[in-house]
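After this come two complexes, each holding chain A, first together with chain B and then together with chain C.
This part shows the complex of A and B:
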């Protein structure tokens, strides 16, 4: 008996088409291996983060609202790998329920219907659902044995809890479980949901070096050899500020920062090339070679 | 037609400020039956009452309507006035033109019109008022006190000292409750057990007190003066009559588990008394952990017991008692600190609760009063005390303030500074609340004399950094973030209702609030009574409290019971439901709507058309009935009537109001 393949409306957002290409690549590798179809939403637009919702509440709703309307037309739930996209889509879904006037305005402006029927999944929820995680377990080719990884969730996946309704907002464990599934060793540390500095990475690099530096220090002190993330901005900040953070703290950081999907893909036997592991700033390959994982 | 006198009250400007009382008087004068109308500035005053009595005599009044405030406030006052004037007190009718009218309206014209409507309805009802006579019931002069903490102990002693029998039921193996776990008490720093244990012993020795520990209330039936209670005495595994309390069994028992009394920071055996001064000083066998109960082998305690008191096969016993009053003193639980993931309780061993800290500083605690942190048994050189963990937090905890945490945390910080001379104590707070005698001074002293450092801000995160814990908060006085590295963190959990408080309330038939705290009958004027007559409250089961307030409330509850027992018979309110059995069809729809469980089915035998017929009808227990009237509304047959509020009376009011409502509407 063959099951209907799992199908999702795929919302890559701007990052996965540009700075986070390796996230996009690895998503698709994992999806293929797990027998999941990701159908990119046609004519998708910017989710608005963060400029839209701090400028105009309606615009902040309408941009992700239109994406949701498009997904509804496909009759599918949405997977949004970027944490900011996920946050905006989830918030829009909440607001649609609370502000019927917004929905009316949106429907008038776009000529599309929005009922809220499409659920929004973040990448961790998507990976840990029964069928996907069972498929991953079955297709496991190269368990990441002995790789100590700090699961870094960032701020947006779990907050605000009333919108995301995902895991424990202070001590989430979903990514820890995924890491266990692929044979890696999740390293519990106190900064799983601390702020990395987010978009201040453009305007206040000093602050980001400080904030990301604390996360890196906590992960390294807890014994992690690498960090796993589920957000392009987290990846950029943690990956690009290691030298500056090290200078501030008088120490050296050398922690590769992987997307969780890259690690899953690796365990499923995908090549470094397929997973875009060469696109990182902190060398992502040496550690894997050292551990004979690539 | 009966002769009605109407007394309109100005209540100073409370009523007269909004209602034109004189115009109401003009119109009331024309109502059928009204033979006398008078206005008073304060009808409840002595001259006001005197003029009612005078008018009753001079005008041969048969019914009196007082148009003033809520009957909850002055109905008893005016009933006494009528009684003093030789009238049946139930010939009084109150028209509430204050709470129901002047206080809630601003338009003088409309308020005046409404006040008249209210008064005319009262007149219509008063014309149909019947003389009612209160009933009498006997009182069993024995009290049941539930809970053997300081509240229950105090109430039991007060009642027993007044010469009445008391049954004190405690769920745990010993009395003493929370207070027995504490080291010292604020603000005088006297030793908690030194002031508590004498009272515990008094309880055990008092000729009027019967103590049932390791026992629970199963069922309550009956009503004030005549409760039947069922109590389950749990199997102790030890014959209390034979046990000498020598303690050898505890010494020899091979099983060690976390002690509930030490809140996990100390150990106990599987056969144990919770603490050395336990009353009674007889151990219990914890069947879940006992090696014999688990594996069928061991029996060491039995072998070493010289008194031959061990009874592995002992069973629970259930018995009934008759009591006249019940004092509920079941105490509180502490908020589950793991709800705050960001504080790491349960994750970091050196993040502990205030109660655990209390055990650590207690001379008879697991560390013999030396403050040692759980992770490595080292003396912490710095401690952070975090207030309001659960309290005053709509998001994760409860909305209310737990009232005692500020003071005991001030005490903890002071005690820590006394014991660790060069240690640093930080208190993270939102507000320091010190509303009690000598409380503020105690708080000031902690800062001025003991150098406790206060930081105004609720921590956002606590995390481990090497052997240290880092507390991160916003210092809201300086308006900037702070991070403090300490060796140990003490969280002050909210005081929450006992986990089974709601079930207990349902067993007793008393009301409870949204949190599960038991409700007092009036927040200010009846703070120790419940809405169920004969059941009183003491201590934290009613709401968070410190020891002084708990003891005060317990003595107040004791006084209420003693006042009740000072009478030989109880006068019952005659305004209770009555069944017209001829009309009652026996559907018993009234039974489930009765909140006081006062309605039961009764079988009546009657002769109908020459045949003897047996059928079921409703029957009201007048001892339980509180006169709420719910049954009269549910009754399909009109067979249920509330004396003083009969269907006839209520309909008369409505008819009178509607009689010319339509033309009145047209005019407006």
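This part shows the complex of A and C:
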């Protein structure tokens, strides 16, 4: 191929450096295999997550706004694997167009310029673009045959639709298609875009266990053996609250919760270690061994 | 202003009630008056079962100018900002945006969040971001536990996560943290301005400053305590 390599400003966000390091690892595995360059944004800061926008509108804009300004300095579009970071960055880009006063205040505080020129990509858009999915198809080494996976999208990849402008907000299919590309069986279920309670993960664990339990039950009842996610908060809730969620539902769940990039990486022949599959709370290896996929 | 002794839902039509509606509309860039109470937002809300007022009722409170009821509700702190309501409203109202506006108004008035632990979580989270430029999960969990006295909840889970290397021991700081601190200061300065200048509602003037609830910024970047 003579095409220029695809290059992106990479915004890991805080989770990918702590609870979700396996997401970071598997992103890089997939990017390498697909010939995409991910250049980590230097000196990036936290996007403020929910805590900033529920506290102060300018703070909710300016924290992700600074990240966008840094990406503009690199002259690249941003890929943000965390759905919550993606939501905040995409919202800030939108707000920049509506609130010139916010942009002025941000520029005054940081000494940087923000024009809104860098587009923000979520991980599913990034994986499903033609060049990446073609490269994945070409490099496929170990199709995940017979693995029934419930694609769980959660909230912020698809909502609010005016900000994300991505897929169908009620019935998205992008992750289903990616699963098909790597040979897995996507399981349709009704809770694809229901909320797991993300931001209440520490402060109201009872609510998160209830919401996660509903999602896991819907996935299990539809015949899924595993769940695929594209967000570290979804992963943490569905994985770490699975036991508590089962207790509330009066049943036992045994659904490993994989990042979509871990599954793609696996199909590309990467090892369990490279993909951080040993870092999950719900055993992520037994099912793969049973299916002779690891 | 409504009081404890007044009947729960008395329609207000005075300038004060209208001012509250107008302020919320402006902050959320939406039109709450367009709500025709169909209930679609409540029906799809995954957390409505845990709320004191349903999302539809919050819209009604805002329409009626029932400021106190709205700002002191648990609902605004239970809402997880999932945007299901916003995506579905047939009147194109940004209900999740209204929840944000109400939380911000409550904090600017110095009201302690009706869901105290949720408020503490946000505050501790932002304290770390202000100091480090990034969040720090282990510290966040520990300080949150000390502040809320929920010392044993999730202890086992925390240990399991720690063993799998999911909780980094050392905090990670961004080299851009001076700029982040400047953003926090700018937010605090703007808040003071909004509270002073936004008092169109007469008696409903919002007090500036960090009384009680979550602060968005401080003059000095103190640590999380």
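As a working rule, the second predicted complex is superposed on the first by the 293 of 294 C-alpha atoms of A that agree within 3 Å, B and C clash if a C-alpha of one lies under 4 Å from a C-alpha of the other, contacts with A are read in each partner's own complex, and residues count from 1 in each chain.
Definition applied: a contact is a pair of C-beta atoms (placed from the backbone, for glycine too) under 8 Å apart; a residue touches a chain by one contact, two chains touch by 3 or more.
Model, not experiment: these values are computed from the prediction.
Judged by the touch definition given at the top, the superposed model places A:218 against chain B, while chain C stays out of reach.
By the touch criterion defined above, A:39 reaches neither chain B nor chain C. By the document's definition of touching, of the two partners only chain C reaches A:18; chain B does not. In the superposition on chain A, A:190 makes contact with chain B only, while chain C stays out of contact range. Of the two partner chains placed by superposition, only chain B is touched by A:171; chain C is not. In the superposed three-chain model, the partner touching more residues of chain A is C, compared with the other of chain B and chain C. Residues 169-170 of chain A contact both chain B in one complex and chain C in the other. Listed in rising order, the residues of chain A touching chain C in the complex are 14-15, 17-21, 42-46, 48-60, 62-63, 66, 70, 98, 105-106, 108-112, 155-156, 158-161, 169-170, 193-195, 197-200, 202-205, 207, 211, 214, 240, 278-281.
Touching chain A in their complex are the following residues of chain C: 27, 29, 46-47, 50, 78, 80-84, 86-87, 94, 96, 100, 103-104, 107, 115, 117-118, 120-123, 125-126, 129, 133-138, 140-141, 144, 153-154, 157, 160-161, 164-168, 172, 174-177, 179-180, 182-187, 190-191, 214-217. Of all the residues in chain A, the ones that touch chain B in their complex are 168-171, 190-191, 218, 221. Considering their complex, residues 340-342, 344, 347, 461, 463-466 of chain B touch chain A.
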